[in-house]
């Protein structure tokens, strides 16, 4: 596994509806932002995430974790970095950082398994996605890996 | 059309995540509450809404309208009334009232069409649902109507 | 009232979390998109919306209406146009159009009143905002109007 | 710390808006359910959560974790258990289990710190809440603990 996976950065303008009565972004929305960043990262693999579903597979979330350091507020735009931190034959993990410029607001991770949409069963990385996801995990590796 | 359609009442405990930085429930959540109340009303037809989808049909929303009179807050439980206000062969309208006891917080309506999930095309009220929905619209009518 | 208010256009990438099991964007999210577009439009007045709140005022939603024509899906980016359709001393109305290129997906409107955050009472357009909002409604009008 | 903290159970009827195009409840909603269950548990301390905020304090989330085992679907009602798993002078942790009858769907935890709303600073457990929260953590302990 490379120490230098492909990293995508997504700008997110905080939505009013994402705030709560504490005056800051409600913590559940970070998972939605992670997903948006994951979508953007997948696009960099050459496959858009919705094309993965068109192939007949889901990347189902099996766990998530978020550590909140500083709050985000309406009126701000934050950046969400995402990268493929672990890639095994049947599961993978994305890591995330939410920043406001240089200031780190939150970090997190989500773990996923591949599910065959037709059967609902877990499966290995679908064949057409192996090359693209390997290159996300380690862009320096041989394209055949 | 009866003036006395079946009316369902659903209690909704305000969720913290539903508030915004104004300190009140964000206005978009009323549509989610309406949907919850519509689900409850459909159940009273004898068909649960998810069973309607199992039959191969969607009740797609074509328009919505909400009038907000008073705010709802975290720590409160509100009641959402729903009833089938109009029932035609191809479209129907639900009306709603959100109350906190006797106090009216909001009113609204949603209009819907039937969609055949397999083809994506608009269709008439699916045959098995005609009797049940007629009785929602007018419980005094003959069950065969 | 001008027939040519300032119009803002906001690109929105559909989020996976915004879809529902019908496979399309859930209808309540259009209100959230409208709000994002309204924020962007307010910025064009010279006041960002969060600065309006810093002045001690809220633009509270009193009604909303949405007409849905075509569905939006994950994997798509839509544009949301917003403009100030009516501006009176105590209330205003924004109109919206959601498009996918030339294709109109939905239209809508929201009505608002000004609320003094300190007292919770309705009020007239706050003085510092009168010029900026008049120019949103009618950019050809005299800046003093 | 007791091994037998007070446990609250909250019934949650899955909302259509909570599903995504995978046909199951979107994973971010579990955090919203946890919050609902936490609210219910707090009520059992003798203080409703909104009363805690009225005292001038927030229980800010510093981290969360969810492990998803089985999916939840529209048409189902799930139960969410919550209990106070750790209680220190400045931080606490709630644990959760989401069940459909005997079947475990997900487990999770959230960590929190006390924030003085007036200053935005971290603080110790507010004095009026010490007894109530100690009894949530360990109902067998002396009420003065």
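Should a chain be cited, it is by its letter among A, B, C and D, assigned in written order, with residues numbered from 1 in that chain.
The rule is short, and it goes like this: contacts are C-beta pairs under 8 Å (C-beta built on N, C-alpha and C of every residue); 3 or more make two chains touch, one makes a residue touch a chain.
In this text the structure is predicted, and so the values were computed from the model without any measurement.
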item: Pair with more cross-chain C-beta pairs in contact, given A-B and A-D; value: A-D
item: Centroid comparison with subunit A (C-alpha atoms), farthest chain; value: B
item: Euclidean distance of C-alpha centroids - subunit A vs subunit C, Å; value: 30
item: Rounded Å distance between subunit A and subunit D, as computed from the means of their C-alpha atoms; value: 26
item: Separation of subunit A from subunit B, taking each centre as the mean of its C-alpha atoms, in whole Å; value: 35
item: Subunit A, residues touching no fewer than two other chains; value: 16-17, 21-22, 28, 31-32, 35, 74
item: Category of the chain touch graph - line, ring, star, complete, other; value: complete
item: Subunit D to subunit A touching residues, read off their complex; value: 21-22, 27-29, 31-32, 35, 53, 58, 60-68
item: Interface residues, subunit D side, partner subunit C - complex; value: 16-17, 19-24, 26, 28, 74
item: In the complex with subunit A, residue positions of subunit C that touch it; value: 13, 15-17, 31-32, 35-36, 39, 48-51, 73-75
